[in-house]
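My structure is below; once you've seen it, I'll send some questions.
As written, the chain order gives the labels A, B, C, D and E, with residue 1 at the start of each chain.
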Amino acid sequence: MSALLLALDGLLSISVVALAWATVTRREPRQAVILFIAFGLLLALVWARLRAPDVALAEAAIGAGLGGALMLAAARRALIQRDAAPSPAPPEEAGR
Amino acid sequence: MIDWLALSVALPLLGAVATVALPRFAVPLGLAAALPTVWAALMVMVLVADQGVQVSALGGWGAPLGILLRADGLAAALLGMANLVALAVSLYAPGYFRGSVLEARFWPLWMLLWAALNGLFLAGDLFNLYVTLELLGLAAAGLGALTGQRAAVEANLRYLLVGLLGSMTYLLGVSLIYTALGTLDLEQAARELRAGPVAWVSFALMTGGLILKSALFPMHFWLPPAHANAPAPVSAALSALVVKAAFYLVLRLWLELFGPVVGASAALLLGLLGAAAVIWGAWRALRAERLKLLAAYSTVAQLGYLFLFFPLLAELPAGTARTELLGAAVLLALTHGFAKASLFLCAGLLQKAAGHDRIDELSAATQALPVVTLGVALAGVALIGLPPSGTFTAKWMLLTAAIDLGQWPWVPVIMAGTLLAAAYVFRVLGHAFASAPRHGDAPPIDPRGCPGANAIGLALQLPGLMLALVAVLALGMTAEPLWDLLASTTDPSEAAP
Amino acid sequence: MKRREAAITALVLVLSVVLAWAFWNAFSGPTGDRLAELTATRVPESGVTNPVTAVLLNFRAYDTLLELAVLLAAILGIWAVGKASPGFLPAGAVLRALVGLIVPLLIIAGGYMLWVGGHAPGGAFQAGALLGAAGVTLRLAGYPAAGLPPEALLRVTIGLGVLIFTLCGVALMALGYGFLTYPLDLAKWLILVIETAATLSIGATLAAAYLGGRADPTDSGDGVTR
Amino acid sequence: MILDAWLPAAIVLSSLLPGLLIFLLREDRQLLRTGLNMLGALVKLALVGWLIWGVYEGRVFESRLTLAPGLDLVFSADALSVLFVTLSTVLWLVTTIYAIGYLEHSPNRSRFFGFFSLCVSATVGLALAGNLFTFVVFYEVLTLATYPLVAHRGTPDAIKGARVYLAYTLAGGTLLLVGAAWLHALAGPVTFTQGGMLGGLVDDHPVQLTLVFLLLLGGLGVKAALVPLHGWLPQAMVAPAPVSALLHAVAVVKAGAFGILRVVYDVYGVTVAESMGVLGLLAVLASVTIVYGSIRALSQDGLKKRLAYSTVSQVSYIALGASVFGPIATIGGVVHLVHQGIMKITLFFCAGNYAETLGVDRVSEMDGVGRRMPLTTLAFTAGALGMIGVPPAAGFVSKWYLGLGAAEAGSDWVLLILVTSSLLNAAYFFPILFRAWFREPPARWPDEHIPAARLETSAPLLWPPVVTAVLSLAAGLFAASPVSPLEWAELIARREYGL
Amino acid sequence: MTAHLIYAAAGLALVVLGAWSFLVHAPLLRKLVALNVMGAGVFHLLISVGYRGLDAPPDPVPHALVLTGIVVAVSATALAVAFGQRLEGSAGEQDRD
């Protein structure tokens, strides 16, 4: 039982990290955000497993849900704008 | 029972809500909240001076279950400074924004920023500090981008992202502390933290995050554009208070939590970064073409000075000498707070009068507004560190300590920083004297060729001048009580024999 | 550029080792219980039985108050910078039909979440999030205001959480209990009142944040400081 | 007595407060501004009189303000500070009258007189400084207060001159600051003490203390215009004549020289300084400066520039006096602090008069000015002869004591310097005197502002140089009287050498 | 009992991934996603710190902290998105000075 649970924990952890990897390495913003939402939902599931249902609910609704929706909208806008303008818009250099 | 500590945070929060709800009455409501807030903060200062450290257990639970607000001498000193500067900004803002759509947008964010500052100075809980830091960062970014102009938004987006990275890093450090010690209370954590990987890594994480937020070299890149492109009252608050708050936290954490356990090499690193900041910031300020950009780079340099204190404090054993030097560090921070706020407020008026803030074309504006120019001059004296400003006293003590402890390399840094500061300040002030000559053939400059100047009343000029006077005279000549106030600073290494 | 990326990667790898080392030390320390037991023994004094709600709205209520202020700061910042622009694809007829079903459901679920938070998973944030989700749904279905109240009322709503929370705190202080110190017999109701206000604020703020743009009575779209 | 603790501070405030009030005045409130100026100057004079009387009575005056733990702002009065305070106070009064006459019709007068008062307050503050920290504070304030005066005219030249002035003096101030802080770190608060305050510390840190001496000398040498730190002084000549008087006679240059005296006598102590061997270096620097300044003065056609180089040379007599070990040389150096001040201010007043009245500002334009402006030229002649050291003028007394002291100390080469310098002095002053008295005046003056009426120029311009010329003659003629600067200098020397 | 260690390790991995992505990727959205992943990592770590096995009730304090953190993170994300949108909206527009 314990070993099985441990295997499950390991599997969950690996999938969370793998999903995160997929999220941060995806170049296309809209897909990245969709992956991020999926990642958030999976994380919520894991947190439920860790006996944190309050936080799991909040993550699903706020973190993945609304945060994802916000970024998704932004990604769509970026897409629309890029399609509208034939010349590529200057990249959003946010960092240095 | 009046809990002045809680009120210093609660009153500006109420002000924020009121100004959100009734934007048409933002100015009277904002001022109505500002005055009692300042009063509450000053009461905290008086209480600390009279009775020593003040603690308020919010919710009545006490640590570690609940959150404590704690005011010791260090907190009280910065709280007092921040609130006086905030008062000046609040009195200046209505005149500055008059007739602009920005007025209604400014006040709620400003009150939130104020609440965050007071909360941060008084916080005694590591996670609560994270929340106040985030409130500070978001309110500051919102204020910085108030005009909606592209350059401002761009700079503040960068500030926001860097700030987020900083606070996430900080939070990771807090998680580490909680994992190891099972408490979030600063004082309890300080009692239980031992030298070891947890202490070192949490120090690196928390201080690293805060360094991002306090714009210590080489993490300063976000500051100048963000501070230079904001409206003047906002720049004043950002440059004088917001980065100072992050520095305060580094100092506080180092004094209480990490100083005794992480060793001198970390402090040396902070000092080296500070030294680089002094030179680099001052050099860039000298090369700046715009007055507000100059002021912003000067902030980078002045923050550098503050970090020079760390390697010296680290080497001093707890006791009188260390408290005296700590007082010098705080004096420097306070003086810079007043002086930099004054400089930005005055720069805002020159910009209003001239329609721009290009330094080389400010002659007419500086001469049309002598009171403002006097403010710039006095603030400049404090920034250079000439007597009779508080900076001079602080620098004298910094120099003496550096020589006394044999840490010679800081001496040329301080000298070079001072001379560079003099160069950039007088680059501006020179224009106040360039005028129509009696002999010679320089083209005359007509002060009246500056139409914006007439619209600027004395009431708008006074807050900046007052702040400069505090920096130069009050903190220069009558700063001694500061050391009495700081005597009630929590310094666990001092309590332990 | 490649070199920089490699340097960062190396740095981050070092960082991960250091972090793992430190956390390993932290976990193997003596304080395995941390605040769990202490919290458990004090939850009965908090007026609610859900320990998370007890921490959020009683033990560490001040954090939560400031957190609501963060939310407020965010929406004010959003309003400061610009107008909303269409960030969605027009909804199809099916979605429009569904909205009539989903939105009331979300609101009812929100109300339930709020009520149940005192003793079971749930509370103001989850409830507020559901309200916000209702707003997002409306917006996606093509309702430009996303079901939000008009300007003046919206301004009151987004500040409501902070307002009620702070007023409770100050009033309790004035009555001699101390800031945010609830007397035991009132704790449950005070928490409910605060949570209700917070839920409304959170819902409205999240929806408004999704909407973006600016609630500005004097908006001219121009932010020049003159 | 409680008032004794306030007197030094009151002397500083007596010019500071009027100065601050003057800033607030509108340009056209001429009467009030003049009233405030004169009130401040007279009150200060009265207070200084009280101070002299008190010091003579042996009372101790000390005002103290604690700025930080271990950091006190101290004003106190000893014989040396009384000498300098008296000099600046008397000359300030005269200069203020002159400045009113000189500037009353130019723009920005409130600003000018405000900074003028600040400048004198700073000078008096550093004269009365009871410790090195206070000295440094007022030394820097003096820099700040003088900058606007040099820049006053606002021409590109003036701005440039002011910038050069600032660059030199602030760099010097930084050296001084580091030196002072270093000394503070070694010895604790550095209180000025007759005979020196280092005690046995020299044996512990001989190298460090030598370095500190060099830093202090570097800092003070800038204002004292020691070669090669003198570059600012000729550039600052763009300032109006009263400012030049202030720079050269009352405040700035004097502050540097006074500081050197303080450091040698009251910080290190002349015996200790001698034993460390740092006096020799000072002597060489001073000698080089004396000769170099005189040589450069020879080739200047601009009258004020020639006077400026003359200052470079003459002020170093003070440093030279400090550098030669022995009470007699000390007397010569200290008394020259006063003599050079009175003589040089006379010369600058006169130069200002020529420029203001006739538009004459070059030596080559001075043909016959003696006939057009006889009183001014008489005053100029008195000052020039004093500078050369013709007996019985004041300058002769200084040089006599310097030479005697050098002979006593066995430094014969100093005599050579003195003789060379005096010959050079003669070489650049006599041509001027010759032109002024014995050449025919031109048909038209370059730019005649003030026509010759009952007086050769306006009264506030005429009387100040006449008064100071008389003073300079009196200082020489009555050198032996008990109230002369010489007597006071002897008192100082006796105390410094513990005789 | 090692489950919490496994999850904590995953949390750290998320933090590191997020930080790395934030530093190497320039576009705003990718930075935002990275920050959110990093935040989620910290939160995940805290949740696993609170986890005390199947039999003991978990520590509610980290849960409350995470709840607060989630709301803060979403607020910051919303603000950053709005700023980014303002920049897009004016990409070609001349700026007023």
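Note that contacts are C-beta pairs under 8 Å (C-beta built on N, C-alpha and C of every residue); 3 or more make two chains touch, one makes a residue touch a chain.
Bear in mind that the values here come from a model prediction, so they are computed numbers and not experimental data.
Following the contact convention of this document, A, B is the list of chains adjacent to both chain C and chain E.
Shared contact partners of chain A and chain B, listed by label: C, E. Of all chain pairs, the one linked by the largest number of contacting C-beta pairs is B-C.
Taking each chain's centre as the mean of its CA atoms, D is the chain most distant from chain E. The central chain here, found by comparing per-chain C-alpha centres with the mean of all protein C-alpha atoms, is B.
When chain centres are set by their Cα atoms, the one at the greatest distance from chain C is D. If you average the Cα atoms of chain B and of chain D, the two centres end up 42 Å apart. Between chain B and chain C the centroid-to-centroid distance comes to 29 Å (mean Cα coordinates, whole Å). Chain A and chain E have Cα centroids lying 10 Å from one another.
With centres taken as mean Cα positions, chain C sits 19 Å from chain A.
In chain B, the residues that touch at least two other chains are 127, 131, 134, 138, 141-142, 145, 148-149, 153, 157, 161, 172, 178-179. Contact with two or more other chains is made by residues 54-55, 58, 62, 66, 70, 73-74, 77, 94-95 of chain A.
Put simply, chain C touches chain E in their complex at residues 4-5, 8-9, 12-13, 15-16, 19-20, 23, 27, 32-36, 39-40, 51-52, 54-56, 59-60, 63-64, 67, 70-71, 73-75, 77-78, 81-83, 85, 87, 125, 202, 206, 209-210, 212, 222, 224. Residues of chain A that touch chain E in their complex: 5-6, 9-10, 13-14, 16-17, 20-21, 23-25, 29, 32-33, 36, 39-40, 43, 46-47, 50-52, 54-55, 58-59, 62-63, 66-67, 70-71, 73-75, 77-78, 81, 89-95. Note for the complex: chain D touches chain B at residues 23, 65-71, 73, 106-108, 111, 133, 136-138, 140-141, 143-144, 147-148, 151-159, 162-163, 166-167, 170-171, 173-174, 177-178, 181-182, 184-186. Across the complex, chain E meets chain A through its residues 2-4, 6-7, 9-10, 13-14, 17-18, 20-23, 25-34, 36-37, 40-41, 43-44, 47-48, 50-51, 54, 57-58, 63, 66-67, 70-71, 73-74, 77-78, 81, 84-85, 87-88, 91. The part of chain E that touches chain C in the complex is made up of residues 4-5, 8-9, 12-13, 15-16, 19-20, 23-24, 45, 49-50, 52, 56-61, 63-65, 67-68, 70-72, 74-76, 78-79, 81-83, 85-86, 89, 96.
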